[in-house]
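Two complexes, one shared chain (chain A), two partners (chain B, chain C).
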Partner chain A sequence: MSALASGDFWAFVGVVAGIYTILALGLQLQFGFAGLLNFGQVAFMAIGAYTMAILVVKEGWSTWLAAPLGVLVAGAAGLLLGLPALRLRSDYFAIVTIAFSEIVRYVATNQGSLTGGSQGTIALGKVGEAAQYNGEWERFQERVQDWLGIASKDVAMLLIVWAAALVLLTLVWLAVRTPWGRVLRAIREDEDAAASLGKNVFAYKLQVLAIGSALAGVAGCFYAWQFSFFSPDDFQPLLTFFAWMIVILGGLGRVWTVPVGAAVFGFLFAGTRFLDFRPLSYLSGADRAYLRLVVIGLVIIVLVLVRPQGLLGKRDEMVLE
Partner chain B sequence: MFWQLLANGLVTGSVIAIAAVGVSLVYGILRLVNFAYGDYMAFGALAAYELNGPLGLGIVVSVLFAMVATAVLSVALDLALWRPLRRRRAGFMSLFLASIGLALVLRQALLLAYGPQPRTYTVDPYKVYVVGSVRLSEAQFVTIVVAAVAIVFVGVLLSRSTVGRTMRALADDGALAGIAGVNVGRVIAYTWIVSGLLAGLAGVLAALIQTSFNPNFGFQLLLPVFAGVVLGGVGSAYGALAGGLVLGVAMELSTWPALWGGGVDPVYKPVVAFVVLIAALMVRPQGLFGRARFV
Partner chain C sequence: MSAQLEVQGLVRTFDGVRAVDEATLDVQAGSITGLIGPNGAGKSTLFNCVSGFLRPQSGRVTLDGKRIDRRAPHRIARAGLVRTFQTPRTLARMTVLENVAVAAPRPRNAEARAAKLLELVRLGEHADALAGTLSGGQRKLLDLVRALMVGPRVLLLDEPMAGVSPTLRVELLDHILAVRERDGVTLLIVEHDLDFVMRASDRVIVMNEGRVIAQGTPDQVRTDERVVDAYLGARHE
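Let's turn to the complex of A and B:
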C-alpha cells in the first residue's frame, strides 16, 4: 500500500508536528512576544532528552521523575546561558545561541561515557548491552491504547502529544494575556521605554528564555519517546531552523498560529517525501532528500520576501523586520 | 611543540580571518549576517576541485578560478535575492532568515551536484617544509603564504584605495556617505565581489588544510568564522582579521600539553573558540575593535 494512503503514516506526521509545535511554542514566546533571537533552541531539546534518558538508564530512575527533571535541567540551562549572553546586543545574542547549541552537540558526541557518544543512546548502558530508556513509556502508551480502544500505536501517540501540546499552548496563551505578557510585548517594542517604567528588562528576558528552554525540554522528551533511540546527530541546528520556519509560517506574536505553522510544515515536509513522480523518480533517494531541503529553503526565502507577517500573523502587531 | 602549535594556529587563524573579513564587510554595509557564507566557501572549494581534480591543473590556477567563480555567484545572488530584499527595506531578522534559507538551498544543491563523498586536492602530502623547530606540510605552507598575501592585499585595499575607503565610509554611516556623493549601488556591488573573492579563497584554503572535504563542510567552518567576526567587533573589517587570527591561535594552543591538565582534547577545539568568544564578550560586549556606540 502506498504510504500516502496509510493512516499510520499520517499519524506519524501528526506526532512530529505536535513535537515541533511544543519546540516552536518556546521560540514564539521568546521572539514573537519578547523579541529574543534564540537560534539555539535545539540544544535545550537535546538537554531535556539526554537528561531523561541518562537518568533512566544509568541511575535507574522512573521516567515520570526523570522527564520532569529533564525539563527543569533544560530550563536551568537556558537560565545559565542567559546570564552572560543576554547582556549582548540581539544579533550577537543570536550568534552565541547557535554557538551554544553546537557546543552541546559536540559535548554529546565526544563525552561517550556520559551520553553514549556518536552511537547514541543505545550505548548508554554497559558495554555490549543495547540500552533502553522507554520501557515505562511504552507500557503507558499501551495502557492509553487499551483505555481508548485504539489499535494503532501511532494514533495513541498522536493523541498524547497533542493533548500535551494543547495544555502547553493554553498555558502560554493565558500567560501572555496577563500583565506579565504585556510587559514582554513592551520589551519587544521598546526595551528602554519598558526599563524607564521600572521594569527589570533583564529579569523578564531571563524568565522567557528559561520557559522557552523548558518547553524545548518537553519537546525533547517526546522526541525521545517517539523514536525510542536518538544520537547527537538528531540535534543538528537544522532543527532550530525548522522551528523558526514554523513560527514565521504560522505568524508572529500569536500563540495559536504555532500549531497551524507546525501542521503546514509537517505536511510540506512529509509531502515532499512524495516527490517521486517522473522526472524526479530518476533521482536516487538521497538526491531526493537533498531536493526536499532545497524546496524548504526556497519556501523560507519566498515567505520572507512575500509574506513577512506569516500566514495568520497580524500585520499591525508584528512584522518580521 | 609550542612553536609548532603556534604555526598551526596561524594557518587555521589566517583562513578564519580571511573568511571573517568577507562576512564583516557585507555586515558592515548591508547589516546582513550572511549565514550562507560557509556554503559560498564550499562552492569555492568545489570550483577549485573542478580544475585541480579531474583536469589536474595546479592549485594556484584553481584557487584563482575558484575566487572568480565565487565572486560571480556572490554578485548573482545579490541581484536575485539581496537586492529585492533591500528594496523592501527588509530588516536584520528577514535578512538573517533569508540567508538561512539560502544556505539550505546552496548546500543541498551542491550535495545534489557533487554527492556527499569526500574529495582531496592533488598536492603532495609528504612534502614538508622545516623552519626552525616547525614543520609545515605543503598545504599548510601554501595556505600561510597565500593568506599572508591576501591579508596584506585586503589591508591595502581598505586603507588606501578609493573603493576601500568608500566601503568603510558606507559601513560607518550609510546616509552620510550617500550625501557625500558615494555611489552606494556601486560600492555594494564591489563589496559582494570582494566578499565573494575572499569566500572562494578561504574555502579552497580551508579544504586544503583539512586535506579532505565534502559539500557539507561549509557549515562547520561558518561558526568559527562568525566567532571571529563577533570577537573582532561586528562590522569592523580589521577587527575580523584580528579576531580570526586570535581564535585560530587560541584553538591550537589550547591543545598544548604543557597547559593545565595537559591541554584540551583536540576534538574540543571549536568549543574553545566559543569559550574564548563568550569570555571576551563578557569583558568587551562590543568586541575587540567594535565601538561602544554600536552596542
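Let's turn to the complex of A and C:
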C-alpha cells in the first residue's frame, strides 16, 4: 500500500487527469454545447502527438514549433473530416468518427516509415537508434522544477499540465458565453430551428469540430511528453470513451464539470489498483487492472440512475424538451 | 402593390407522389395572405420548399425578384424570408430571452432588443425561465417573436393557431396583425382555422392535391365552387 501515500504516484494520477481534462473538454464543447457526437476524439490526440514527434525527430524542429503545428494539424484534420462527414445525420456522423479514429490508428501502425509503426516512436529515427522527441521538453520541465524549487518531476508536470488545462478551460468558458456559444446551444437544441433563424449550422459544427480536435491535439502533445514514448496502441478507441465517461460523470453542457469528471475518473481509475485484498487478491495483477473498468462502469450506471445530469449538472435542464 | 414572393411551377414529389404539383402563386408586398386547403393539399411541402428545407424538383421561387430556390435554409432566412414551424421549435434548455436573442443576425444589443420584443407579446416576465417550461401557446408566441428578431421582410407562419387556447388565439391574432402594421412584414399563413384566415387575410390562396385551385379575396374564395368541392369532397360534373 506504499504507493497510496506516495506523492509522486498521485501527482502522476493528476497529470493524467489533466491530460484527460483537455481531451474531454473538446468533447464537451462538441457534444455538451453543440450536440455533435464525436466518437473518434482519440484520433486527433494521435495526430497531434505524432505530428509533434515526427517533426522533432525527422525534421529536427524545435518542440516549441512542432507542438503548435501538431495542434494545428489536429484541428485541420477535424476540419477535413467534417467537410464530408458533417453532412450526415448525427448518428451516422458518430459512426464515421469512430471509423476515422481506427483508420488513423491503422495508418500509424502500418506506415512504419512515417510513424515508426507498431514499435512506436522509438523507431522514428534511423535503424538501430532509439529516437527521442522530448529532450527540449525535459529541459523545460527541469527549468520549471528549478524555478519553483520542486524536487519531483511529476509534480512539475502536474503544475504545467493543469496550468495549460486551466487556460484552455477558461478560453472555452469565455467562448461559450458569447453569442457564438449561444448559437451552438441553439444548434444542440434544434438544428432546423437554428437554420430557420439564418444560422449556418454546418459552418458552426465545422468550427466546433476543428476546435475540439485541436484540443485533442494539445492533449496528445502532453501525453507524448508525459510518457516519453508512444505507439499506435496508445490510441485505442477506449481512450475516446474514457473522455466520454469524464464528460458524463461531470455533467453535460458545462465547462467546469470537465475537470471534476476527470479528477473523479482519474481517482477511480488509479484507486482500483489498491483493491489487492482478499478475495480480489486471488486475481492476478493484470486481471485486477480490468476491475477498474468494472468499477467505473458501475459508477456511471449508478450515476445515470440517480443523477442523470452528472455530478454537477442541472437536473431541471434534463427533463425539458 | 407588387409581388414580393413568387412561386412558379413548383413541383415536389415523394416516391412518385406529387405533393406539390406545378404550384404557382404570388404574395403581394405588405399583405397578409392565407394559404388553405384540406389535409395533404401540399401546403406544408410548399412551405418547406419555399424556405429551403426541401428541394423542389422543378419550378422557381423568387423573393423581391431574386431567385431563392436551391439556396440553403439559413441563406433564405438571411435574404429576408423567415418561417415558423407547425409544432413550435422551442430551444427548450435555453432561456426565453436567449431563444429570441440568438435569432439576431448581429449580436449587438441582441438581449435588449429581444427583451423589448418579449414585452410586446407579454412574455417579458418569463424572459429568464427555460423555454421548455412554457405552455404550447406561449411557445407559439415565442416562435413568432423569435422569427421577427431575424428581421424578415416575408414571414411564413405554419399553422400559428394550432394548439393555441381560444383566449390566447385572440391575442395571437392581434400580434400577427401588428407584425404587418408595425413591422411592415409581409405574411403568408398556412392555417386550418378558416374563421381566422378569413378574418386576417387580404388574400386567400387555396390548394388541393398539390395544385393552387383558387385565389382571391376571402369573399371570392368563400363562394368559389372549386373550394367548396375541395373541402366537402363533392364533384360537379
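The working rule: the second predicted complex is superposed on the first by the 315 of 321 C-alpha atoms of A that agree within 3 Å, B and C clash if a C-alpha of one lies under 4 Å from a C-alpha of the other, contacts with A are read in each partner's own complex, and residues count from 1 in each chain.
In this section, contacts are C-beta pairs under 8 Å (C-beta built on N, C-alpha and C of every residue); 3 or more make two chains touch, one makes a residue touch a chain.
These numbers were taken from a predicted model, which means no experiment stands behind them.
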Please indicate which partner A:L298 is in contact with in the superposed arrangement: first for chain B, second for chain C, both, or neither. first
With both structures superposed, pick whichever of chain B and chain C touches the larger number of chain A residues. B
Partner chain in contact with A:R182 - chain B first, chain C second, else both or neither: second
Once the structures are superposed on A, label A:P308 by its partner contacts, choosing first (chain B), second (chain C), both or neither. first
Just chain B (first), just chain C (second), both, or neither: which does A:G253 touch? second
Check the residue A:L197 against both partner chains and state whether it touches chain B (first), chain C (second), both, or neither. second
Output the chain A positions appearing in both contact lists, the one against chain B and the one against chain C. 320-321
Show which residues of chain C lie in contact with chain A when the two form their complex. 51, 53, 72-74, 77-78, 82-85, 89-94, 98-99, 101-105, 107, 110, 130, 132-133, 146-147, 149-150
Touching residues of chain A toward chain B in the complex: what are they? 37, 84-85, 87-92, 94-96, 98-100, 102-103, 106-107, 109-110, 237-238, 241, 244, 248, 286-287, 290-291, 293-294, 296-301, 304-305, 308, 320-321
Sites on chain B touched by chain A in the complex: 33, 81, 84-85, 88, 90-94, 96-98, 100-105, 107-109, 111-112, 115-116, 219, 223, 226-227, 230, 234, 265, 267-268, 270-271, 274, 277-278, 281-282, 285, 294-295
Listed in rising order, chain A residues that touch chain C in their complex are 178-179, 182-183, 185-186, 189-190, 192-201, 253, 316-317, 320-321
